[in-house]
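Structure in structure tokens, see below.
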Amino acid sequence: MNKEKLEKLKKALPDVQQTRPRNQIPIDKVGVRDIKVPIGIYGAAGEQVNTVATISAYSHLSEEYKGVSMSRFSEIIHEAVEKDASVEIIYEILEQIQKRLGGKDSYIKMKFDYFIKKEAPVSKIKSYFYVPCVLEGRSVGGVRKVYLTTTTYYQSACPCSKEISKFNTHNQRSFARVTVELNDIVSIEDFVSLVESQASCPINNLLKRPDEKYVTEKVYSNPKFVEDMARDIASKLKVMLNNNNINDYVVVIEHEESIHQYNAVAVISAGKVLK
Amino acid sequence: MNKEKLEKLKKALPDVQQTRPRNQIPIDKVGVRDIKVPIGIYGAAGEQVNTVATISAYSHLSEEYKGVSMSRFSEIIHEAVEKDASVEIIYEILEQIQKRLGGKDSYIKMKFDYFIKKEAPVSKIKSYFYVPCVLEGRSVGGVRKVYLTTTTYYQSACPCSKEISKFNTHNQRSFARVTVELNDIVSIEDFVSLVESQASCPINNLLKRPDEKYVTEKVYSNPKFVEDMARDIASKLKVMLNNNNINDYVVVIEHEESIHQYNAVAVISAGKVLK
Amino acid sequence: MNKEKLEKLKKALPDVQQTRPRNQIPIDKVGVRDIKVPIGIYGAAGEQVNTVATISAYSHLSEEYKGVSMSRFSEIIHEAVEKDASVEIIYEILEQIQKRLGGKDSYIKMKFDYFIKKEAPVSKIKSYFYVPCVLEGRSVGGVRKVYLTTTTYYQSACPCSKEISKFNTHNQRSFARVTVELNDIVSIEDFVSLVESQASCPINNLLKRPDEKYVTEKVYSNPKFVEDMARDIASKLKVMLNNNNINDYVVVIEHEESIHQYNAVAVISAGKVLK
Amino acid sequence: MNKEKLEKLKKALPDVQQTRPRNQIPIDKVGVRDIKVPIGIYGAAGEQVNTVATISAYSHLSEEYKGVSMSRFSEIIHEAVEKDASVEIIYEILEQIQKRLGGKDSYIKMKFDYFIKKEAPVSKIKSYFYVPCVLEGRSVGGVRKVYLTTTTYYQSACPCSKEISKFNTHNQRSFARVTVELNDIVSIEDFVSLVESQASCPINNLLKRPDEKYVTEKVYSNPKFVEDMARDIASKLKVMLNNNNINDYVVVIEHEESIHQYNAVAVISAGKVLK
């Protein structure tokens, strides 16, 4: 259908959204949650990583209008994905929301799994390591902010268990969820490296026997509480904050305790907005 | 094992947690996530509702200590549940965390499904209606705050769809998630009633044919956008705020659009802490 | 509303379900999925455990009728829960479905978390241990069968990792999901005990330092692959099969590998219906 | 590390898996669950769709060996993805498992979201429609079978609600999960089309006002129970069975009732293996 004919059809139908609402209260955020699209993300080395993004987008709505034009969010998201299909689209989407929805603030959130091909420690065989990510953009009161959350899995061993036992430690699948307000260009790989450099031991999805020997011994030599991980990562994030690479941070550590059905958790923030 | 003997055994083992950490950074929150316990919650009418609570509890940790005694969180939770097994335990748990963990701040979060026996609109037959709830307590800087989140499901019909179509509306399963900082005693039932009073139509888990006729016609006569629901509920929450029943609020409306794979969302907050 | 008046109202409305369908094909199962109700379950020691059951119920429908009366499933479930609120209700529900829906076959499935108060190995302090359960009843072709699935969490240590490393093992949160067709009366506790007797080490949700020392050393002395656990549990289930306590079984072992992002899995069945 | 050196390192370490197990019972399936990899899938029109596959792979293990070489599953999956990265890899993976693990049976399961660009009914604007898929391959007793599961979302309106009400219907987000044993080459698009041809109304993720009018009126003119959908789809699957396009089928219909918190479900199978 050509654009002109569609516009005619649309105009022939009443536009309830443009009427006055009964309760004239401005709305902080109104929009769409969880539109799924295939997307290609460029990694630190320039190669494209195929993945699926789940995108939410919102606008501020003033007290004058009953509703937003919901279909525009989907339209903007689809157009942006068509154009570029990289994480850069968050800037395009923020701008288009403000331009076409007319609200004073706009919000975009993209959730996706990022993939890194990592080498095993001894055999050097490569395998995919997935990194759950969230990329958020907010344009509020004319100020634009971008937030990146990366979840990096690793193996932790318990220092107390090592100290009190004649042999062995209890160890477990663990992860660090780091959220930062980005200032400079920082890659997902940077945060994965940061976490792995502090972990009892990084993990891989393909390990041969000599690798398994390596990680079993390495994790024992470097046991860490959730508290240790939170502090060691926070101390590195502080440096990034001081260098103006990031403007804010929070780190959440979670160890899926092998000796319990519940998880141990520690949280440190910069004491600013992110908590 | 008697307490004395256990204390002796414990003292014979090194206490790594009490040592100095390498990075002397205070930790905002450290504790346990998702301990599940059976619990009885007293409803507005005084009757006990059986359910399962998933409890998380955290403490602040000063820069001087390497770790908290994690087992104490579980101990405190189990003792509190043994004693009372109602939502009142959040106060007990907050107090015990500060007393026995020694941190300056403490946090407790309980997630549970609450059950209300609701009458169908015409037949008056009763059925269980579940309300996902979160009860949070925080004691930060000596100030204690309590937050309640209730998720109330309802049916929404789309005003635009009604207006532009010769017959029918698109309608869908929908929910309002209301979080408030409690001041006065307010019951879960109060928030369910508040949401249902504004909804296109409340829903039930047992409807006979005359009830089905009623809800099909009722939802048509009262269509609401996510924007309408957010505003209409916010205007009621404002009254509660002015009456000092609550100190803060945020309402999140989500309609599981029958004509899309994604949800429509609207959010209004009091513009204070909750977002 | 009294029953008579309701019946009158219902009769005044057309009953589309009773008409002939266009495609006259019988339907294997038609009904309701995931009705949540609070429930009390009696443990092995006779005490009541509060929990929440998520219930699904289905009936066969012959080729003659366009639809079932869906509300009857909810009605039957609510009446059964009102009456008894224990796992015994599956028999009542199966019978009522056949009586009131008139289909030749009927099905009921209840999912719930069961709770056991378990003692820590050294300190003997008790804590709640949750056991995800599924109880299923089927009446097909006049034959009634009951299936119980229990998921028991434990800690596993890897035998290979122990053998090839100078010290330590990789160990992890693990679970065994055992499904059986019940013949005799067998309790949930029996299956938890069976799994724990074969595990590298049982786990608890409250462990003091002497307990932690115990489990760290115990898991090291008893390492098990998923293959070992599947075989060791299957050999015990075989005995139950031979004793006619159960008529069929399948065991699924899953170890949440601390050194990978994926799980290791092993499955053994009796080679009958359950897979 | 070169292959020769790695082989030497591996041989220097004991291979516990090759020893005899205590309980000499064969294992039906042993392997890895949920390895995530980025993947490209070729659509019906030949274009590549980027997505993420979650892959599980298993082998039979005879009673003689204590364990399988778990790392080989991951190795086989990574090599296959490297080579081709389309759904064709299931054949390659099945073959490699049998060749390199030596078990008599092998299994592979891939879960992924497939994406179709669908046109809106009036405006013809295109948007992504995601189709959760499962592709399974089994080589059991020398016989190879392939199963495809597609989940197609649509909008359903209730025939009873339409008949008994003066105006409106209750309608809701709904889906049909069709599993077939493939014989001939059949595309994901074929099953999406099959479901949409029977649905009250197909859905889209970008609809302009004239589209919304269309779907609101269309769904009203074509109301369907879960029973109707199950039968209408089964009658089409029967034709495919008779034409030898497929060897077996089961269809599961689920309507997320807008007037209840629970779903209505209907299931029809060919009465063969799939249930």
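Which chain is which? They are A, B, C and D, in the order written, and residues in each are numbered from 1.
We adopt the following convention: a residue touches a chain if its C-beta (ideal position, glycine included) is under 8 Å from a C-beta of that chain, and two chains touch if they have at least 3 such contacts.
The model shown is predicted, which means the values in this text are computed figures rather than measured ones.
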Problem set entry | Magnitude of the superposing rotation for chain A and chain D (Cα, nearest 5°) | 180
Problem set entry | Taking each chain's C-alpha mean as its centre, the one farthest from chain D | B
Seminar exercise, completed: For the pair chain B and chain C, the C-alpha centroid-to-centroid distance in angstrom is 27
For this session: Between chain C and chain D, tell me the centre distance in angstrom, where each centre is the average of that chain's C-alpha atoms.
Result: 25
Problem set entry | chain B and chain D, separation of their C-alpha mean positions in angstrom | 35
Problem set entry | Per-residue multi-chain contacts in chain B, two or more chains | 13, 15, 35-36, 74, 130, 160, 164, 205, 207, 209, 213, 261-262
Exercise. Tell me, which parts of chain D touch chain B in their complex?
Worked result: 129-130, 153, 155, 157-158, 160-161, 164-174, 201, 203-205, 207, 209, 212-213, 215-217, 219-220, 256-262
Exercise. Where on chain D does chain C make contact in their complex?
Worked result: 13-17, 21-36, 56, 58, 61, 66-68, 70, 74, 159-160, 163-164, 225-228, 230-232, 234-235, 254, 261-269, 275
Exercise. What residues on chain B touch chain C, complex-wise?
Worked result: 1, 6, 9-10, 13, 15, 35-40, 49-52, 71, 74-75, 78, 81, 113, 115, 122-128, 130, 205-210, 213
